[in-house]
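Here the chain labels run A, B and C in written order, and each chain numbers its own residues starting at 1.
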Amino acid sequence: MQHVPDTPRDAAVSAPPRAAFPGAPAPTAWRAVALVGALALAAALPFVLKNFFVFQVTLAVIYAIAILGLNLLTGVNGQFSLGHSAFYAIGAYTAAIMMNADIPYVWTLPAAGLACLVSGFLFGLPALRLEGIYLALATFALAVATPQLLKVNFLEDWTGGVQGIVITKPDAPFGLPLNSDQWLYFFTLGVAVLLYVCAANLVKSRTGRALIAIRDHPTAASAMGINVALYKSLIFGVSALYTGVAGALGAIAIAYVAPDSFTFSLAIALFVGLVVGGVGSIAGTLIGGAFVLFVPNIAEQVSKGLAGAVYGVILILLIYLMPSGAAGLVRWIGARFARHQGDKSGLPAR
Amino acid sequence: MELLLHQVLAGIATGGIYACMGLAVVMIYQAIDHLNFAQGEMAMFSTFIAWQLMQWGAPYWVAFVAAVAISFVAGVAIDRIVFKPIHDAPVLSHVVVFIALLAILNSGAGFIWDYQIKTFPSPFGSGPLFGQNLVSRHDAGMIAMTLIMLVLLYLFFRHTRIGLAMRAAAASPQSARLAGIRVGWMIALGWGMAAAIGAVAGMMIAPVVFLEPNMMVSILLYGFAGAVLGGLTSPGGAVLGGFTVGIIENLAATYIPVAGRELKLTIALFIIVAVLIVKPGGMFGRRVVSRV
Amino acid sequence: MTALIETRGLCAFYGDIQVLFGLDLAVEDGGITALLGANGAGKTTTLRALCGMVRTRGDIRFAGASIAGQATETIVRLGIAHVPEGRGTFWRQTVEENLQIGAITRRDRAGIAADIERVYGYFPRLKERRGQQAGTLSGGEQQMLAVGRAMMLRPRLMLLDEPSFGLAPMVVEEMFEIFGALNRRERMSMLIVEQNAALALALADHAYLIETGLLVMAGPAAQVGRDENIRRSYLGY
């Protein structure tokens, strides 16, 4: 009869400790081939699909980046955030305000990133004192506050108030033979590749290991000399940076920002995307992004009146099938596969 | 000065709503160690059921008791059917299922009963209490109802065998099993009780905010805030926290210039977060001494 | 003498990893059996397997009836009390509430009250602290509380996982005397897992030695205690 770990205290009874990352890695050669193949496919996409779909895929990638940001905080470092819509909004509005002032859109990305790095870090500082539920509530408060603050009277000159800001969608530079949707797709893809590579490197580095140690056992991490407070606040900033850059990209792609696009529903959607993709998995965020974009639409197509209910049912079914998200499912399949091939050492643990 | 007093009392009146909701939230938190994000929607759905029963001719108190009973059973059922299969899943996956439940209930209610607001009767009558314009009869009744539930819960947990079993199951499920406690059923019981309390909360709140599928969204947030403020280990704290949130919200709206009205929810939340930073366990939360 | 609990070919698994490889052990009715072995040998797992806390294969019989594959709480209700590694204290509850939790499956109010007094009789230090939060007790006191909680079940069989762990020698001696008393006076059968072989062998009448998930020796305690290898590896002389 299977025993289930109930609390961290009971963890000793469970199966081997979870890996920081999706285990059962394919041999490096396979991975490289898969990666190159995926990139090739991605590059070919805009020439095969209709414009609207290109736009949708762009948005999915943008959400994936936003979720990647959340993942760095929650998946890698274990800090529970239900407020990342706030950082997404900061990024989006930074981009919108700058483009309104005729600053080229390329500069909006680092600006958005910087703004969010700082604001994320500043939020992370007091958040050090909060854990679990309490942190969730605090971040949720941030998410709730954001649209309200964006609508408030005395900031209207900057934010455009309830009506928001309309932006002109940029065209392809250097006279490239791409329409604006296709160009934005490649632009987003480029930024995404850069950000994903950085994230993967971060997690594999010493810093990444420190963050994971803090997630799994903060007391032990601290006892080993890791400056827990510094790491926790910094990763808050970095996480916000990623989501903020995504927000900026989103603003550019949609060419419009308004307060009601950034409600707590977005924060919840990002969170759901994180879990569906697999908490702690970098590759999973792509699935999460796709989920956030496409599933609500699918739900509405199935039944207009019961769209929410259909969405909920799909979500529950997904969790039943993949309790640890898509990445968890891949891990599980990999483990089954490995078992049939190799031999298990059979050496008994305790 | 009189304005202040008036606002404080008004805050206590609205706070009664949050206190009631907060009680349901803490109830389930004590049972399952998670916040049930779908609590508000469950309460809303229960209230609709009561409304429907009254539409079919049932008198108020019959509908009230029936709705509470149905909610209890539904709560137990939701736990046993929806949450049992994902028992081993990580915490965050549980949260997602709560969110899914929220979506299903909200959408379902809108589909069955549409989004037009409906009036919901109060058993306490309308009009001011004692003829004075400080607190309405319904508000007073609601506060009384909340306090009664609080007392009943206290007695249940402190002085009954099953209350102790539930506390043990929540405190340490594995050790509880070793004492022979059927932890699964204790959790289901917690769910049922939370659903029942939520139903009462919904039926108390609906006369004030009017019945419609989205009525509980912000109230749940206030209820959470109040529960967290009061310390999630303490039902009494949750109630006090709820009243406090009501007062803070009202005072913020009245006294903070310009943005007070628009941002009262934001301000209330931030004050709560500030309190949490200073006192991470909430105002009345017990600090649990745990050895590493 | 009849075996109160016995296993045949007991295997246990943590997830996919097998930890016990076919144990045949038994505890006689009214007897005390010691399960010895080094760290990681599988002693704790054996106790957990008996209580349905891990996935098992093989036969487990309690008082003749099979309990393999049943839920922990069901097995406990049949009369098996497990004092786990880590003691399983309910930290936020008081000492007295902890004892009441131990008796939660019983309905006889008077009997429960009498038993609480009995536990205090064996462990007067617990009585002094009856209103205190259990998490504030010292290690030794928590161990006593754990044994007391197990006693409240009025079990036929008590499983003890390393009761001497982390305790001062004097406290341990006291505790083992109490085990002896419980066995003699209340006819409580016991299966004691211990790293402290000398202590366990002095108390027990029967002993097993487990190494990496397999039983490598079994016999009367005195005999096992005299064995050359045991003396060298586990008794230090």
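Assume contacts are C-beta pairs under 8 Å (C-beta built on N, C-alpha and C of every residue); 3 or more make two chains touch, one makes a residue touch a chain.
All values reported here derive from a predicted model rather than from experimental measurement.
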{"item": "Chain pair with the greatest number of C-beta contact pairs", "value": "A-B"}
{"item": "Centroid comparison with chain C (C-alpha atoms), farthest chain", "value": "A"}
{"item": "Centre distance in Å when chain A and chain C are each reduced to the mean of their C-alpha atoms", "value": "48"}
{"item": "Whole-Å gap separating chain B and chain C, where each centre is the average of the chain's CA atoms", "value": "43"}
{"item": "Where chain A and chain B are represented by their mean Cα positions, the distance between them in whole Å", "value": "31"}
{"item": "Chain B residues counted as touching two or more neighbouring chains", "value": "172, 174"}
{"item": "Interface hub residues of chain A, defined as touching at least two other chains", "value": "2, 9, 13"}
{"item": "Sites on chain C at which at least two other chains make contact", "value": "53, 71"}
{"item": "Residues of chain B touching chain C in the complex", "value": "161, 164-165, 167-168, 171-172, 174-183, 233, 286, 288-291"}
{"item": "Residue ranges of chain C touching chain B (in the complex, touch as defined)", "value": "51, 53, 71-73, 76-77, 81-82, 84, 88-93, 97, 100-102, 104-105, 133, 135-136, 149, 153"}
{"item": "Chain A contact footprint on chain B (complex, rising order)", "value": "29, 35, 82, 85-90, 92-93, 95-97, 99-104, 106-108, 110-111, 172-174, 221, 224-225, 228, 232, 258-259, 262-263, 265-266, 269-270, 272-273, 276-277, 280, 292"}
{"item": "Contacting residues of chain A [partner chain B, same complex]", "value": "2, 4, 6-7, 9-10, 13, 74, 80, 126, 129-131, 133-134, 136-138, 140-141, 144-145, 148-149, 151-154, 219, 268, 271-272, 274-276, 279, 305-313, 315-316, 319-320, 323-325"}
